[in-house]
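After this come two complexes, each holding chain A, first together with chain B and then together with chain C.
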Partner chain A sequence: MAKIFIYPTNSLILSDLVERFGHKPLAMMEKIREKITTVGVDSPPINITPEDPKHGLKYAAVEVPAGVRGRMSIVGPQIDEAEAAIIVLDSASAFGCMGCARTNELTKFLARQRDIPRLEVKYPRTEEEGKDFVYQIAEFLKSLPKEDEE
Partner chain B sequence: MSGEDVDEITKIVVIDSDSVLPSDAAMKIYESDVDITIKETCFGTMVTGPRDSVEKVVAEVRALDPNHVFVKQRGFPPGDERRCRASRGGGPRPGFHYLRNEVATLPIISRALDEYEAYNPAEKKESPDKISPSKLKDIIESEL
Partner chain C sequence: MSNSDKVKIALVSCGSEYAGVQKELESAASSLNAELVYPEMDVASLDTIGQEFGLEVASPDLRLMMARAKAVVEGVAEVDAVFVATCFRCAEAAIVRNEVRRYIFEDSGLPVISYSFTERTTAATLLTRMEALTTIAKSKHLLARENQEGLTAGIDSGSTTTKAVVMRDDEIIGEGWVPTIKVIESAEKALQQALDQADVNREDLQAIGTTGYGRFLIGDHFNADLMQEEITVNSKGAVYLAKTQQGDATVIDIGGMDNKAISVQDGIPGMFTMGGVCAGASGRFLEMTSKRLGVDITELGDLAIKGMQKNVEMNSYCIVFGIQSLVNSLAKGATPEDVAAAACHSVVEQIFEQQLQEVEVKEPLVLVGGSSLIAGVPKALEELLKIDVVVPPHSQHIGAVGAALLVSGFVDKE
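Then we have the complex of A and B:
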């Protein structure tokens, strides 16, 4: 079972497909869960502590806005941990809690910098694109090793 | 709110099926004898509880229609005041727009999964070879 970094990091479709084909998705939701269940980080609506932008300094320079560094403190360790990556391009829905274009660019850049198997596909908009999307992802996930299950 | 020692998770189960309704999934979950909390929503169900129980229940719901039931984890439990719109004065919760956008794409993905499965059927399980007559005869005689 390989750890797969997914972008968009909170995608239902990607997270489901990765699990469906027997791997572990590294998604934003798991990290957020860890964060909000940690005692001491319970000041709604703030989920980012003053420490997070400091952790983000590993991934972005100090002059980069704190919002980017705060997000990178969550996304960055996932990229470091990943054994493979699936990046979906042109996702119209990269807003909401994904709504930082600079973080998204940096995330994709860092994922591409790592020497790991990587699949980049376009977000499907038609039936044919959907078939191609699923086929490429399924074949990519099947090509990854499934060991490490000791 | 959540237990400190128990590893509690929340999963969103999204149903995009002609044969399984969100209420069917909810009934399936109610039938299970594990200690979990569920919340029915317009797109499916949210299941909260200990990790093992949630994964067991989610696997059962997914088995109803594997290519048309989608699951993802959710960071916040249902009703968390940082996300629940009841305590935020209404409006969609953060993250809902993204989910709604992806739900609109699910029919394409479901049909693609159906086609992928038809084109690439799951590997057949290897069944053990039949015992040869001579070996069977030896076994019978050894019993005597």
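Then we have the complex of A and C:
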């Protein structure tokens, strides 16, 4: 089972696809769930406190807006942890969306900087493209080791 | 206004929840008996709203802002005011923030303010802005007052100075002005000065209004009838003193710690901006300059009038490095007159660049606050904007006058 970083980071479809092929998706929802269930932190709605954008300084300098650094404090560690990455390009907002174009650019860049298997695929606009889209992702996921080889 | 007792403020923002400031926004709103609401919109519209609005940006959350603004303007979301917020230092967001704010204000008539936040933004910073927003939304009747009645006092507890006035039947009969040291003691002194000048006993005052940074503290101390933020109070005081209560006006208030630029219609603030805490764009910079030149602050204006700011090279707007530029110029042979003019120009230029871009300047332009008395400041502003600047009488007491005027609505008419 490989840890797969997905982009858009909150895509339910992508996350589900990764799970179906026996891998672990590194998705934003999981981190947000952790945040909102953390006892003792009261900063609704997603419990991001002023400390989080400071943690984001590992990925972006202080002159980068707080909203970008706050997002990177969640996404950055997932990129670090990833063993493979799937990046869907030009997707519709409903497919998954991080909200901020600057964060998107930085996220994709950092994922590309990692020396890990990576699939970049365009978001499908027709049924035919849709089939090919799922096929490419499935083949990529099948090519990854399913269990830790020790 | 909507039926609920609470003022409903639509929060139109791009991911304030990711910047760690959401709690501060909620906290500032709830302390004013207001609630933040999030206008409903169709997710699918995010892919088309850019074209519809005419501003095609890459960030989906900025498109979300446009969609929410549209929901406010079209009445889909029933709200009393709008707070537009985006990240500080984001160029894309700054463009959308300005245009969304303008769109909401012009097409809905709702009071709207915008703000750019960092993770360090606190509820205290947001409070004055949100208080002004809720006052304009909720208490227009209070701001509709055009004449002062009875015997009232207004006290403005500012960051640098505390001002007080006593008014009787639409006339200022006493004034007090002291440096703010200990907030309550300074307010006591300022009020006493005003009472002495007016030859009035404190017990005879029919109502007291407070404003400025220390308004709550001194308001409790004096058992004030009105404790009100300085945006609405000062703009009211400005148009009252400048006798421009009807029609359009623009008020610029250069304070000791921050500046306000307010566009006013019929005496009620419309769009407004409040500069962040930056000493380089405040009266404090002029105070430092006068100290460096070895002249009293009251003499700086006359010096500036005689000088040429172009003869001095200012490398920074910062109070520390800006002063250093002035000192370097003196060392190179610049005259104190030129330095004084450059200091006035620097403060005004910052207000022009940072605040007046967000407020539509409509004449008359009324300049108030202590800095308005430094003649070089209105002159620099006139040169920059190429319009006449009105400095009304008692302009340094603007907050106190506004408070005394507004609080006269609380005077019992027997």
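By definition in this document, the second predicted complex is superposed on the first by the 142 of 150 C-alpha atoms of A that agree within 3 Å, B and C clash if a C-alpha of one lies under 4 Å from a C-alpha of the other, contacts with A are read in each partner's own complex, and residues count from 1 in each chain.
Assume contacts are C-beta pairs under 8 Å (C-beta built on N, C-alpha and C of every residue); 3 or more make two chains touch, one makes a residue touch a chain.
Just so it is clear, the structure is predicted and the values come from calculations on it, not from any experiment.
In the superposed pair of complexes, A:67 makes contact with chain C only, with no contact to chain B. Of the two partner chains, chain C is the only one that A:50 touches; chain B does not reach it.
Of the two partner chains, chain B is the only one that A:16 touches; chain C does not reach it. When the two complexes are overlaid on their common chain A, residue A:134 makes contact with chain B while staying clear of chain C.
In the superposed model, A:92 makes contact with both chain B and chain C. Once the two complexes are overlaid on the shared chain, A:102 sits against chain C while remaining clear of chain B. Of the two partner chains placed around the shared chain by superposition, neither chain B nor chain C is touched by A:143. Touching more residues of chain A than its counterpart among chain B and chain C is B. Residues 44-45, 92-93, 97-98 of chain A lie at the contact with chain B in one complex and at the contact with chain C in the other. On the chain A side of its complex with chain B, the touching residues are 8, 10-13, 15-17, 19, 27-33, 35-37, 39, 44-45, 47, 92-93, 95-98, 123-124, 126-127, 129-131, 133-135, 138. Residues 2, 4, 8-10, 12, 14, 70-76, 80-82, 94-99, 101-103, 105-106, 108-109, 111-113, 115-116, 120 of chain B are the ones that touch chain A when the two sit in their complex.
Residues 14-23, 26, 43-44, 46-47, 57-61, 63-64, 86-90, 92-93, 117-120 of chain C are the ones touching chain A in the complex.
On the chain A side of its complex with chain C, the touching residues are 42-46, 48-54, 63-71, 92-94, 97-102, 104.
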